[in-house]
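The structure appears right after this line, and notes come after that.
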Amino acid sequence: MKMSMNNLGIVKRNIVRADRAAVEKLARFGVATIHEAMGGVGLLKTYMRPIYSGARLCGTAVTVVLQPGDNWMLHVAAEQLKEGDVVVAACTSDNCDGFFGDLLATSYRARGAKGLVIDGGVRDVKDLTTMQFPVFSRAISAKGTVKATLGSVNIPIVCAGAPVNPGDVVIADDDGVVVVPAAIAQQAADAAEAREANEADKRKRLAAGELGLDMYKMREPLEKAGLKYID
Amino acid sequence: MKMSMNNLGIVKRNIVRADRAAVEKLARFGVATIHEAMGGVGLLKTYMRPIYSGARLCGTAVTVVLQPGDNWMLHVAAEQLKEGDVVVAACTSDNCDGFFGDLLATSYRARGAKGLVIDGGVRDVKDLTTMQFPVFSRAISAKGTVKATLGSVNIPIVCAGAPVNPGDVVIADDDGVVVVPAAIAQQAADAAEAREANEADKRKRLAAGELGLDMYKMREPLEKAGLKYID
Amino acid sequence: MKMSMNNLGIVKRNIVRADRAAVEKLARFGVATIHEAMGGVGLLKTYMRPIYSGARLCGTAVTVVLQPGDNWMLHVAAEQLKEGDVVVAACTSDNCDGFFGDLLATSYRARGAKGLVIDGGVRDVKDLTTMQFPVFSRAISAKGTVKATLGSVNIPIVCAGAPVNPGDVVIADDDGVVVVPAAIAQQAADAAEAREANEADKRKRLAAGELGLDMYKMREPLEKAGLKYID
Amino acid sequence: MKMSMNNLGIVKRNIVRADRAAVEKLARFGVATIHEAMGGVGLLKTYMRPIYSGARLCGTAVTVVLQPGDNWMLHVAAEQLKEGDVVVAACTSDNCDGFFGDLLATSYRARGAKGLVIDGGVRDVKDLTTMQFPVFSRAISAKGTVKATLGSVNIPIVCAGAPVNPGDVVIADDDGVVVVPAAIAQQAADAAEAREANEADKRKRLAAGELGLDMYKMREPLEKAGLKYID
Amino acid sequence: MKMSMNNLGIVKRNIVRADRAAVEKLARFGVATIHEAMGGVGLLKTYMRPIYSGARLCGTAVTVVLQPGDNWMLHVAAEQLKEGDVVVAACTSDNCDGFFGDLLATSYRARGAKGLVIDGGVRDVKDLTTMQFPVFSRAISAKGTVKATLGSVNIPIVCAGAPVNPGDVVIADDDGVVVVPAAIAQQAADAAEAREANEADKRKRLAAGELGLDMYKMREPLEKAGLKYID
Amino acid sequence: MKMSMNNLGIVKRNIVRADRAAVEKLARFGVATIHEAMGGVGLLKTYMRPIYSGARLCGTAVTVVLQPGDNWMLHVAAEQLKEGDVVVAACTSDNCDGFFGDLLATSYRARGAKGLVIDGGVRDVKDLTTMQFPVFSRAISAKGTVKATLGSVNIPIVCAGAPVNPGDVVIADDDGVVVVPAAIAQQAADAAEAREANEADKRKRLAAGELGLDMYKMREPLEKAGLKYID
């Protein structure tokens, strides 16, 4: 098949979701830990913030490409949702309109969705907070959108600077949003677990007053780099 | 009378406020609902945010034009306040100084004001939160201001991108700030009510798992627009 | 000694901290009051925000210069901390990486630190909130940093637009962050106290409905400036 | 007639344009001079910049409200253009797509337009420069737009923070964009002329080394304000 | 082979570059035309701007991942350059340091490179302009960088919001930067050619005064959408 | 003398300017070279840009603290200017008004000034370009300012993130603005000279096709850092 130039106007129905057990394991760790465990990749831009304090989500991505000021594809995406999914929506240009509100949240939750990550705006923040439906967005805006122009569902996207494929694991908390490719979900979960175990001991030693300079053996490299202590 | 070129240095004392009953009815609805009911106009820029979570206000606008770094006119405005008013302040250039704090809030409240919307900065956030005096602003800044240069009170202004006339209704909540012209306040309130009634049924159907695709009859227009489903 | 062109790669061990009693007195006042009492200087840019609502700190500055994406010097700074210190970190260029998290916070607290002010990003926000370790930062980011390039500790810095010398008093609350030079800490505390006493009376009069126009005797200067009242 | 809640979906055909002679006179002055002559009102936000160095325009406004990512109304506006008009386009939300390019410029020029002021993006900058078709915009973007949703033509708008009515005079140069209400165009032109005449003498005196302190008689007010000279 | 979690620290030497003839054909068209011909995908964010007026480039991508404040990988990339390549550099976090200057440009040119696209800062702008070495960047900064931390060369990246694979065609001009996947380079070039041919006729008709409303047959859909003309 | 809490309202008349010969020598080098030669300090934020292409200045700083929307102190500063000075102006809060235009430029030039660096806006850009009066600013704005509130002249300031003392050397070109403390002006000039000499040879070798990898002996440290080459 010839590669298409244009991947707008497409809904892919069958996607391969990351392994359920791996997703559940990843849900136990924070975004910073997972991002670090993966070697420092997969993070969305820091302008993506939770709409209420304490929001947190972990699930498999159903991806959406939106057009500015148009949320038609968020309705199309609802049909593709399975239990445990997170909708991850990008837009063809920077736009902060309120693409999503409490009606869509009600629908998404009824379809099993765990939340929304959207490089755009959302509204009905009070209702979404009452529902405890976690949303991470670029903005909050009361401005509604039209339903006139096609985007796509379940194609590879770039959301807030990070590549996301349908079925990838998306984890979000107070520290931001990270994407784990489906193929390495288990590996990333294991690495996060190892990392966290490692940190417990460090925390105890630091709490007891030990210096990171000593614990991480930084004194020699610092001296080598030329650090001078003066009085 | 010849139209003046310059409308700075003016305080208009008698303004026509929106009908009280209409204002009270508008107070029952959210910003997103009202904005939608009005056909998508009257919204302030999304950078206008509440200074504390849950802040909400609805009242008739007393408008103010400020000069950068100068809050003199906020003092002048106090005298023009009537029960149920909201001060809406613009600035002749972008400026985030702390034009407003707990002393002015105390004065405004004593004069019957419901809150403040300001395209600038405010300070004493902790005290304002304790007072539960709702403020929607562009920024928070501890920097005080001088009282040296005239602006105006109760002239037509543009605040954070939206035109506001003295007496208009201003409603603000977690989703942002919207302005309803006084002349259509009742009409907007009725439209908001109709819209909200309409949404209750939709919410129920979506919660039961019905798809927006079906409820809004989107399948045919989507197909017509060329949407392709692939597996 | 010839003045050095380059002050990177230096750790100054002995710094003169502001008088303890003055620091404790300053801790009783808000940032807006202190900033005003000092005549309107020493404020950091308004993009510096607390990572959790209600965060507040007051202490003596241990200053740090960071390199973008590199938190090595935050580890070096830990050793220089004394009871009551606040780490104030600038970066050689704008960078929002997560330079600081719960492990460093554990170490800093063990060393007696009162909090952190950083013109960069931080992470582990949930843990820092649980610890109630106050941080004022430019951003939140899960992205970690390397330990490869030298900056400095306890040299004069510019942090978010304000000059900070080691030993200066740093106060931060909901309204922002202000720096008081060590040499005038007592003087600033006294001025803040005087200012606050002065405000209590004003607050009472304004609450009783007196206008600022009268209380501050503004009517004459406003008229002189040309203010016109129209009906 | 009942005031409509919604002014989208409207094209007003007959508008009253500012007096031709006044427009021609205004064309002789710079934006800074006109803005000053009007008493400091009517300026668009400073993010509005010429797409090529030296661009300059002066004409009567045909106003347009666009929807994000949709330039349909720019085509509708073409039919309403008369010799000497300038299209002034706002958008219902911040959007930097390329709403306008060389084809529309060709059409606009054929209809007599003097240029474009748009609170959005434009493209084909090289061609527009070759044509010397002056455009002042918020951004440059190669991204095209759809033609799917109605806005309006020749209704009162807010463009980049300034209110613009159809028929107003719009002047733009290296210093920015200013709007003169049609009703005061002649008055503003006269005031600008007076101001400029006034400046020629000042320029000569300053060039000869006279200080503004003396020419503007600032020494006494500065001393009164408390300025201290130290050595 | 197990998929690696971490793709930093890698240089891929053999990459498949887009077909030379297709690249040469694409070089004849503007960014806006190519972007439109591809169906509206592949555009970098609009903050990517040429460092001098008239800069323009077209070539095959050698991709680079940089660390903030560190240009080590730009030196590593030099060795991988072949005649006709363009270096496309992303950074693991937003950073505007001057990663690139005239020395690297001299080296790149000697190796056959056509220019640089970098989501970061550059310096020596005067020299680069004299050399006519085209650079599209996010910023200009005199601040140099260290060589301490690994990134990668020739892995898939996201640069200023757009996915770029090694060997893809990158075209940049006054309107911005667009990426054409290597596999569809010829198809995109043909589509751009068809589009441009199509435009010549339209331009002629519009120049003769024909309205887009008629030429594009918009009157009926506008009426159907509800557009009202009033006088 | 007791240290004053407030340094506003002061004009210091006698300042120690950097050595003339050192200033002249520094004028021969670019900002990037000088910044590098000084070890990477003294650079202003990258938002400071020349108002016309090719602007360049080098001189001794007369510092100014402005209040937002108020340029009174720029008039006061004129009297303090000596041949070879550059006015460096900061503002007590972020403000982009047009503080400076062609009249002040005429006066400054008559007093011997070499240009202006201002963390604010300027206007009359066309005239300033014609005069070839170099200005580096944060913004361009036609909006004028008042003369109502005191700032200071010739006190230590922070301008666009960099500390500047009266008499320091300020150099600006296409790459930005750098400040050299007066006490190390000669040392910095010598270091810049050495650096530039060093670069000529490198440029020649790179132009001949030698790789930075070899010239800078990077292969071993890259390998040590773990860089992997794959095919």
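The letters A, B, C, D, E and F name the chains in turn, as written, and every chain counts its residues from 1.
The rule is simple: a residue touches a chain if its C-beta (ideal position, glycine included) is under 8 Å from a C-beta of that chain, and two chains touch if they have at least 3 such contacts.
Since the structure is predicted, the reported quantities are computational estimates derived from the model, not experimental observations.
*Asks:* Would you pick out the chains that touch chain E and also touch chain F?
*Replies:* Chains in contact with chain E as well as chain F: C, D.
*Asks:* When chain C meets its copy chain E, do both sides use mostly the same residue numbers (more than half shared) or mostly different ones?
*Replies:* Chain C vs chain E: same; shared/all numbers exceeds half.
*Asks:* With chain centres taken as the means of their Cα atoms, state the distance from chain A to chain C in Å.
*Replies:* Once rounded, the distance between the two centres reads 32 Å.
*Asks:* How far is the middle of chain A from the middle of chain D, if each middle is the mean of its Cα atoms, in Å?
*Replies:* Centre separation, chain A to chain D: 42 Å.
*Asks:* How many angstrom lie between the centres of chain C and chain F, each centre taken as the mean Cα position?
*Replies:* Averaging C-alpha atoms per chain gives centres 27 Å apart.
*Asks:* Residues of chain D that contact two or more other chains, please.
*Replies:* 40, 53, 92, 94, 96, 141, 143, 149
*Asks:* Report the complete set of touching chain pairs.
*Replies:* Here the touching chain pairs work out to A-B, A-C, A-D, A-E, B-C, B-D, B-F, C-E, C-F, D-E, D-F, E-F.
*Asks:* Where on chain E is chain C touching in the complex?
*Replies:* Contacts found on chain E: 67-70, 92-97, 141, 143, 146, 148-149.
*Asks:* Where on chain C does chain A make contact in their complex?
*Replies:* 9-14, 53, 72, 75-76, 78-79, 96, 98, 101-104, 106-107, 109-111, 121, 123-126, 129, 139-144, 147, 149-150
*Asks:* Name, in rising order, each residue of chain F that touches chain E in their complex.
*Replies:* For chain F paired with chain E, touching residues are 30-32, 35-36, 40, 43, 46, 49, 53, 173-176, 178, 199, 202-203, 206-213, 216, 218, 221-222, 225-231.
*Asks:* Touching residues of chain C toward chain F in the complex: what are they?
*Replies:* Residue positions touching the partner: 2-8, 37-41, 45, 92, 94, 156, 158, 161-163, 181, 183-184, 187-188, 191.
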